[in-house]
Every structure is written in structure tokens, then in C-alpha cells.
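Chains: A, B, C and D, in written order; residue numbering restarts at 1 for each.
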Amino acid sequence: MRLRCMCLVIHAPGDLRLDEQDAGEIGPGQVLVKVAMGGICGSDLHYFRHGGFGTVRIQEPMVLGHEVAGTVAAVAPDVTSVKVGDRVAVNPSRPCGACRYCLEGLPNHCLDMRFYGSAMRMPHIQGAFRDTLLCNASQCVAVADGIPLSLAALAEPFSVGLHAVSRAGSLLGKRVLVSGCGPIGALAAAAAKVHGAAEVVAVDVVDEPLAVARALGASATINVATDPGWVQRHAADKGTFDVMIECSGNERALRDGLETMRPRGVVVQLGLGGDVSLPQNLVVAKELSICGSFRFHAEFALAVKLINEGRVDLAPVVTCSFPMREAQAAFELAGDRRRAMKVLIDFAAAA
Amino acid sequence: MRLRCMCLVIHAPGDLRLDEQDAGEIGPGQVLVKVAMGGICGSDLHYFRHGGFGTVRIQEPMVLGHEVAGTVAAVAPDVTSVKVGDRVAVNPSRPCGACRYCLEGLPNHCLDMRFYGSAMRMPHIQGAFRDTLLCNASQCVAVADGIPLSLAALAEPFSVGLHAVSRAGSLLGKRVLVSGCGPIGALAAAAAKVHGAAEVVAVDVVDEPLAVARALGASATINVATDPGWVQRHAADKGTFDVMIECSGNERALRDGLETMRPRGVVVQLGLGGDVSLPQNLVVAKELSICGSFRFHAEFALAVKLINEGRVDLAPVVTCSFPMREAQAAFELAGDRRRAMKVLIDFAAAA
Amino acid sequence: MRLRCMCLVIHAPGDLRLDEQDAGEIGPGQVLVKVAMGGICGSDLHYFRHGGFGTVRIQEPMVLGHEVAGTVAAVAPDVTSVKVGDRVAVNPSRPCGACRYCLEGLPNHCLDMRFYGSAMRMPHIQGAFRDTLLCNASQCVAVADGIPLSLAALAEPFSVGLHAVSRAGSLLGKRVLVSGCGPIGALAAAAAKVHGAAEVVAVDVVDEPLAVARALGASATINVATDPGWVQRHAADKGTFDVMIECSGNERALRDGLETMRPRGVVVQLGLGGDVSLPQNLVVAKELSICGSFRFHAEFALAVKLINEGRVDLAPVVTCSFPMREAQAAFELAGDRRRAMKVLIDFAAAA
Amino acid sequence: MRLRCMCLVIHAPGDLRLDEQDAGEIGPGQVLVKVAMGGICGSDLHYFRHGGFGTVRIQEPMVLGHEVAGTVAAVAPDVTSVKVGDRVAVNPSRPCGACRYCLEGLPNHCLDMRFYGSAMRMPHIQGAFRDTLLCNASQCVAVADGIPLSLAALAEPFSVGLHAVSRAGSLLGKRVLVSGCGPIGALAAAAAKVHGAAEVVAVDVVDEPLAVARALGASATINVATDPGWVQRHAADKGTFDVMIECSGNERALRDGLETMRPRGVVVQLGLGGDVSLPQNLVVAKELSICGSFRFHAEFALAVKLINEGRVDLAPVVTCSFPMREAQAAFELAGDRRRAMKVLIDFAAAA
């Protein structure tokens, strides 16, 4: 008898449905996870609101979601890494392991990547917002006793922040600017702090996310909408920040940040924002580096480890959770930067 | 009795004069160089044509020039590194040696830099287009017998190309794209080749500079104006170039190049072009790095060494030379990309 | 009237005296510090016990000490960075700021270094174990309210650990082995932890220092004298440690550590131990890197900052303090690894 | 009908036989190469003379050899990368492509490596000294017209030198010391030169190999047996070499080299020599790095490319070739450093 499961499926912009689907059958190396918590990401929101972003558009119904944690309900006979009853965070990234980039140690650039809930290829890769998820045991990382699954569901976006930090190199003695303090920015601030940044200054145009960034480890915050003099204050002697983690995708944020970077400073660009106009002469004259950061790989296990050991407390990022049947409300709240950071969907809550 | 010298002075856009000035007096550690050859740089051209570039504008008469070579005519008693009669290339860069960046090993970011022929500060730093130059012995690097001073005058722009290569890290096994094949681009191609680039592909919109780039070591050249399909051919599997040395400052050149870069590719930006619009999502998704490269430091002595030893043949970059009194004609020719690469002024030619 | 001060002077092995000396006169940029606390370092112990180490031997009486903190008692008129009454840690490192290495950003390799309490050059550089110290204002870093000067005196050895961590590059996701848990090893463990090491495993042959290493941040400790199987347990699949910080200078510790390093692992060598025999074939086959780490530079200010902000708690390293007149007893205790980590001399205690 | 082939098999120290063996059958992705030239490597010599080295010993008869080039005689139907008649160099390295190190981009540390002619595992990996070799098409790199196969057979040892250079990072402006000028040392000198080393100084205790090193690109050579003052001459101001490529495995060579390295210098260790005694204090005080270099990966294709394009002329390394039936004489000559650099066996010569 095949298992059935309930999934959150985007059919068209604004058309989010709770559909029943075949859950598949456990094959070698696989496990069945009863999903508990799933975090709504910016890309989920874009699919929900606009049907996609840039050139990526939904062309067929697609299960959303890639930030999930749950409990192992069944395992294939050959699986030894996890067992029934284990609470796990699920890595949504599934590189092929055989293409040139995988073999160069760059699996986030896999030529055949299957990442949950992505319309970048056709057929789309179905997502993890479902009550039952069939996945590879190798995607599952055990969550420690006492860590709520709502925090474990943050492992994925925290991985994104950790990967950005890995792109910046050692932060020993470094002054780090984080621009854009949505969930990714706040988690990147936490990632920078736990890896020894001497200072982490977080900037945004809204106060509420800045408070969360401070709770996660920012040593100072600036609302640049109400403090326009901040650029000049930090631009003395060619600039004072060694590293910028740009999470807004906003042109103004990037340009202002470049003014405050010291020579040879490194900007790690995480935010996506289409075309941006850059002051090339400034990049040249200060020999700045602007480095893209895309998804993550080994950082997923590290994220769970740091959460498990209590070396970061990410709880302030979680705004609240909604039962699966109220997903529409969850998505609506998730888009309000003054009221929401990370909104979770509770797939285990009583229907 | 004070020495007098003849100098090429820019008074206003288009107003270039041959003025007589006091040459100064030799102090401790100094030497007097009879300048033989001086190369016209893009910045000289900007002062000549427009009185400057960006926010940098001439506010008082300024001697132009920073690419010169000549013969030592006198030395202070304490100088031992060069002697009268030595033929030398003169490093136009004079960092302070005491500011925070100098002490971090980043003298090209000196907070008190005095670079010949620059209106970036007031009073301007007077340049080296003069028949007699008083400078520090430490700025002089000896030119080998048999090397014409017209080649030695290329040490400065070649240093710029070498510094760009140093910013890219090891080129072992790397495919390098050079965009924009003016003197700097062609010399950067030579610098990449002599440092082991597996391939150097040079692109431009004009054929003549491409021929020079090939003569200097490019393994292939593409006129992108007549071969618009080049981007697609090099963009397979997320792109094929490991390194791009962007010398044009042109937005289209940079954007096209980004399409052809492989994941984790490094763009070294040399060209200056004001604001440019960048595809941020591409930079993020391929984790590209865009790194500014500004002037040079230790690379000046290396440039002279490589020229001295014949490890590079830069002769194809030199278009022709004009006597000092015909400087106006030299500047006019220097601006014509089809007819001129590096135009020199001969300060020793009979008046 | 010239000031007088009391100094701890080594005259010959075992011959440590409290001598009165001229304290000098405040010149431009200088300050007078009333020294409160001074930590006894391994090199101080070597001078005390053996008159030196390796080829470095005392040839004239020398004031010992380079780990001190105190209170500013007077400042030259031109000094603005500190004021009378400030509590400060004093950086014992005084590079020349003008030699080739200083100008390359490598001041710890200064060709004319004057480091407190060192017999490496003649005349020796007199040390800081004195009740009154005349030094440059630039050597003083302010200590935060509430931080005892006994902790501030740890800034110097903590800087050594921080510099070692900087040599290892980013520790994100890395497993770090610290071998030898004297004060330097324990402080290096703290430095690794605060810079994000995923795990820090400390090993030693004595239990007491291991307990301190654990208190400072080691996630696990191993007494390798009683657990000889540790090497084999960590050597699976070519080894499991990414980084080793070798603080013992002991050949066996280094060789055992190499067995447990994974391919491309990095050993930062801090400990000094004369000649050691290395398994060259292992270094080659696993492509290990062994990198020396010597003193520190920018890390001194960082050390004080991390102590000031409470991001590290180094208190467990401090064993106890002795008044200046009991210095002999302090030195004797400092050499006993079971009873002592860092022994301090209190230069402000009532005589 | 199964193919038969003639192989050079080591049965015991000194017992080298020409045995007939089954050549195997072409499977998917495979090709049959008629081997033309095979170079005798130091490891082949060790098996011949001593039955192995260190703990690696022949426990069963093993075909020797891993430096070969030949002509494709047959291809499986699915092979498109090479065709019958192509002249190819054969990469002897066959990583598994699936272990953790392969997936980290470190295939030379593969946990399941099968490298031709190696007794490191049991059963041994049979080698390529045979007239007919069945291998994967992906191991074959096409040799350009006009390049003799005797030079193509150098691709493998040249790859070892290229990999060592890749471990040193950029050589721009660097002074490189190569110690030990056997075939690997001479080829490493060529690799350093073609990647832009400012200077390559080769040292050895025998004159003949030094002459070859000079022919391959060393800018200077020193016979350290007859010029013992060389260390002192290069040790001024803490040392003058930026990089050392140590190819001798000799303790004295390494120790002398360390004296001549400048602070932060990098030693790439290629030579294998058992235990060596190192001056730890020197490594620490100058913050030297000693980095192992083991085999190669992507460098094999690069080696063939550089040979194909004539960017290196490796001909001076080849001493002579012997027909397969005179292999014993070839091995005897190969061990004489005054008479032989690389001795080849000609597997295509008339029997």
C-alpha cells in the first residue's frame, strides 16, 4: 500500500493549496520523515506572491519549502546513520556527486542539482512543505535532545549565513558590516559573531529586524533610514569595515556599504536584487572584492551542530508558527518586515 | 646655481605648454635623471582632453606624466644604489612609508601618496614629463644594456598589469580572459602569459589592439563587435574562464565577461568607467568575485627585471615617439585606438 | 629629578635580584605606567633557570618580563590616546616601523625588533618586571572597568594564541587539536574556540593543565600519557583533525599529532623545542603543512578587546600572584606544571 | 579471443622479468593503447633494487611503471574523446570519484586510489610497463603532432612538478630554490619558471643534473658540495628565498634550505626520505611553512598541454631509451646520477 501525504502546493501566484499526494516508497538508503516544522523562505514568498523571481517561474504545480525538521518514521534496511524516532533537520540540497563541480568540491554549483522547492529546472523539484517526506538518510542530521524542531528548521537559512562567512575567510580581528536584517541577515550576523568577528554592525531601514540582529550577536545596529550620517562616520581614512555581508540585494545598501569599506575589504553578496549600479572607480581604487555566496554545502551539518551545542541562540528569529491549514495566513504574515522574521508552518499540528 | 628644466604642463583642457621650471636641488638620497622617454597614459590624455576625470580636475598648472626612463646625471654623495651614467626606469609612486596602510604592506593605498602627475590632491603632484627629473634614488631601477629606454618606459604600465595578475592569485592551469586591449590590456595579457596562464583570450571591439595583444602573448583574440556569438560559445556548463582581467571599464564588456566565467571565477577590475550596472544574481549564483586592482608596488622592480631579461617582449606596444616640442601631436595620436597603442615623448631629442 | 624604580633583574642562572634603577624621563609620545601585574613566561623561566635557551644567553644583567599591566601615572604633553589614571595592558613588542618586513606588514619579523626582556641582541632589551615602566603611549591598550589587571596581564600570551589562530586561517567547521596545555596552549584553545572552531581537542601528559584547557573552551581533553590509544582512534580514513596548534615543542606530541591530521591539514607550530625528527613521508603523502607562528602584532589590541568584552574568560589560567619581593618563590612555583599555570608578580603590593 | 601482452614484472629485488599476460577485454569507456615509451621512476628503481621502500614492499609479482605514452589501437563503441591512431599520454592515477576526498576536490588523497605500479595496497595495482595497455579513455590525453612520445612520457613526472608549484601559490616576483635536481627537481624547476618565478636557483651535489636543471629554466645553479658558503650568502637579513621546492628528501638539503628562506617562506616538500631532523626554532621564528606535495590531479592534462604547445622544452631530461628486452640495463643505468636523468624503455622497438 502506497503512503499518501498532504502537501502545500503553489499552483499560480496567490493560489496555494493543501493537496494530497503519493508519498513514494522507501528505497535503499532512504528514510521517511514526519515533518514537524517548516520555515517560509523569501523564495517561497516570491513563488506565492509572484509565481517566481527573475526568469524563474512556476510552470507546473510545485510543492514549496526547503527549511524543514521532523521525526524519522521509517528507515530502509540498509540505513544506519539514523533510526526511527530520531529528530532530524533535513538538508534540502541534493547535488549529483558526479559532475565536474561536485568533483572539484563545489557541489553548490552542481550541474544537476535537485534543490527542494525550486522551479529553476523543468520538471520542477518538488519541495518539503508536506507532512511526510521521503528523503535520503544522508540528508538527515540528528537534532539534540532539548532543541525544539522550530529551531532545527532554521538550520537551512543558518547554513546560508555560515556559507557567506566561509566565503569571507577568517574573521579574526575583523569589523563586519551586515546590511539587511531579515532572517538571512540576522542569521549571518550570528554566524559572523560565533566565528570571532571583532565587531558586527548590522544595518537596516526598519527597527524591528535590527532588534533581532542585536539579539543574535550584532554588537551595534544602525537604522540607516533615520541615521543618514552613518556612511560618513564609517568612511574615514578610506573606510573602516573589513567585511560586508550584503543580505538586502538593495543597490543603495551596497553602494553605501562600499563607501565604508577599507582598502582590500571583502563584500560577500548574498542578497538577490536584479541589476545593481556599482561605482566601479571606488571598487578599483580601494581594491575591494565583491564575492557572491550561493546556498551552502558542508555548512548544513555545522549549522545543526552549533544549534545543538547551544553555541548560537537563534530563537529570536522565530516569530510564530501556524498549523498547515492556515498556511495562507502564514505566508501573508511572513511578508511583513515589521511584524515577522521567520514564520513557521507546523505540519504536525492537529488539523 | 639652480638647475632649470623644460616641462610639459597642462594649464587647462587642451592647453598643453612647454614651460621652463626650476629643477630643484639634489638632497640626501636623491639623484638627477635626464629623462629620455615618457609614455602617454590614459590619465594624461584625460587631463589633456577634459582637464581630468570623475571628480579629479586640474585646479592649477600641473606637469603631466608618470611613465619615464632616462639616464642618471648626478647623485647625492650618500647614494650607492645607482651611479652617474646608469640608465634607469623611474617609479612614479612615492608612498609615505609611515601610515597604517604602508605599515600593513599596502603602500598603494597610502593615505599620503604622492604619485607623479596626479591632481587627486591639492597642491597637485607634479609629473615626470620633463627633460630633467629630481627624484629619490630608491625610485630608480637599473635598465640592462641593450634594452632601449622606450621599452624601459613601459615598466610603469606593465607594473599595473603585473599587479592585476598578482590580485588573481596563481594562474597555473587557468583560462584567462582579458577584455579591452589598449596598452594596459595588452600588457596584462603579457603579464598573465609569463605567469603561466594556460590560455589567454583577449577581446576588444577594434582589430588593431587585438593584433598587439596576440603579439604579446594572447593565445587567441576575439573582436566581439564582429563576433557576437562569443559569449554563448564560452558560457557552456556555467562558463569556462577562471579569471577575467577587465581593462576596458566598459559595462557591456564586464557583463558579457561575467556570462563566460565559471563558478568561483575571479574578475580583476582594472578599467575605470564610472558607474556600471551589474547582474547581481549572476554574481551570487556563480559565486563570482570582482576584485579591484589599483596601481602597483613591488611589481615595478619586477617589471624592469622581466624586461631586462627578455622574458617579455613588449616592443609591439610601442607605436612611435615624438620630440618634446611636438607633444601636442603625440597626445592627439595617443587617443586614436586604431592607429596608436603607446605613444612616447622623446625628451632627449634635439629641440 | 630623575625617577627611580625597582626592577627584577637576572644576573646569572638562579641569581634574580630586586635592583633599583633609573626609570628614565618621559619624552614625546611617552607615558609612565605604574606596573601592577606581570606574568611569568616560559622564556623568563629559562633565563632564571639556565640563563637562556638555545644560543640565546644573558651576557649582562637584564630586567625580565614582558607580560604586564598597570595604571598610567604620567603622560607626555603630546599624548592623547591614554590619560593619567587609565588602566592599561602594555604591548612589549616594539618593531622599528621602517625595515623591509615592517613595510611588508610583517612587523613580528622586524630586523630591528626591541622586545622587552630579551637577550637575543646585545645590549639586551631590558624588560618590564619593574614597578615603574616608561613606554610609548602606542604600546598601551586601555583595560575596561571591572577587568582585573591580573587578567589584563594575560593579553600578551593570549595574543600569541590569537596569532597562531590567525596563521591557521578560518576555523569554520574545523576540528582543532591543541597539544601542550601550558598557559600558551590553554590560551590558544580559547582563541580557537572564540574564532569558531567546531571542536577543540586538547592533549597533554598532565591532568591539571587539561582541566584549565577545558575551562577555557576545549570541547574535549585527552591525557595522552594514560590513553595511548588516542592516536589510532583519531587516525581513521587518513586522519580527522583539520588543524593542530602545537604548543609543547615536544617531538612525540608533534609526531603523534601528524598521524591524526587529515590530508591538507595545517599544523601551527608555537612550541619551541630545538631539533625534532619528523616523518617526512607522512608530511608528503598527506600534504600536511607545518607553519611556524612567532609572537604577534595586531593581535595584542584584539586580545585586550576580547578580554574587555568578556568574550573569553581567561581567569582559570591565573594560578596566583606573589608580591615583588617574593619573586624567587613565584619563579619556583611557575615551573611546576601540576601546581601552576600562570604565576603573576604583583608589583604594586606593599613591600 | 583474448589479447596477450608482454609486461615488465618485478618478482623480487633484482628479479625483473618480461612476462606474457592477458591484456584484458575492452569494456565501456575503455581503450587499448599500444605503449611506445615508458620512463623509469625512482619508485620503479626502489622496487627493482630493494623490493620497495619504507613499509611498502612487493608481496606478489607486479608489473612496474606509470610514466607511459603510446598510440590508441582500439576503442570501445561509446568512446568519443580519443580515436584509433591518436597518440596519447596515459594518466596512471585512477581515483574512485566517490570517497570524501574525491568529493572535496582532493582526488590525490582518494581513499580507494588505484595508481599504476604500486604495492601500497594488496593485491598490488599492476603497472603500465607493457606493450599493450587497457585503460579508461579518460586517462588518455592527446599528444600534438610533432611531439615525440619520449617527451609525452614525461607528462607524469612533469605533473608532479606542476602540482608542487600549485602548492606554493603564485610565484609572481618570487625567488625559488629547487633542491635536488634529479628528473623531478629539474622538471619542478621548469614548472616554476613557466609559472613566472622571478628566479629559480637549483642546487645539488652533482654537476651533471645541475646542467640539465639550467637547460630547463633554472636561472642559476649551485653545486653545494663544492660551494659550502652558499648558505651564508643567501641567509642575509633572515634569508632571501620565498619558496623552496625540496626534491631530494635529504635532511641536510632541507636544513640548509631553511636557513636561506625569508620569513613566511614556503617549503614544498616533494622528496621522500624517511625521518628528518628539523630545526623547530627556526621554523617558528621565521614562521616558515613546510607543505607536503603528493602526486597530482588536474596537472596531468596541463603537463601535456604545456609540452604540446612547446611552452617547455623537456628534452634535456631524457637520457636515452632501451628496447623492452634490455630493461635490466635500463634500470641499471637509471640509478647512476652522473650518467642518467630519465631513462626510457621503448616498448615498440623490434624485439
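Everything that follows uses one rule, which is that a residue touches a chain if its C-beta (ideal position, glycine included) is under 8 Å from a C-beta of that chain, and two chains touch if they have at least 3 such contacts.
Because the structure is a prediction, the values reported are computed rather than measured.
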Mutual neighbours - chains that touch subunit A and subunit D alike: B, C
Of A-C and B-C, whichever chain pair has more C-beta contact pairs: A-C
Centre-to-centre distance between subunit C and subunit B (centres being mean Cα positions), rounded to whole Å: 46
Distance between chain centroids, defined by C-alpha means - subunit A, subunit C (Å): 40
In subunit C, residues with contacts to at least two other chains: 106
Subunit D residues touching subunit B - in the complex, by the definition given at the top: 162, 165-166, 169-173, 194-196, 198, 298-299, 302, 305
Contact footprint of subunit D on subunit C as seen in their complex: 54, 100-101, 106, 108-109, 111, 167, 237-238, 249, 263-264, 269-281, 283-294
Footprint of subunit D on subunit A - complex, ascending: 97-98, 102-107
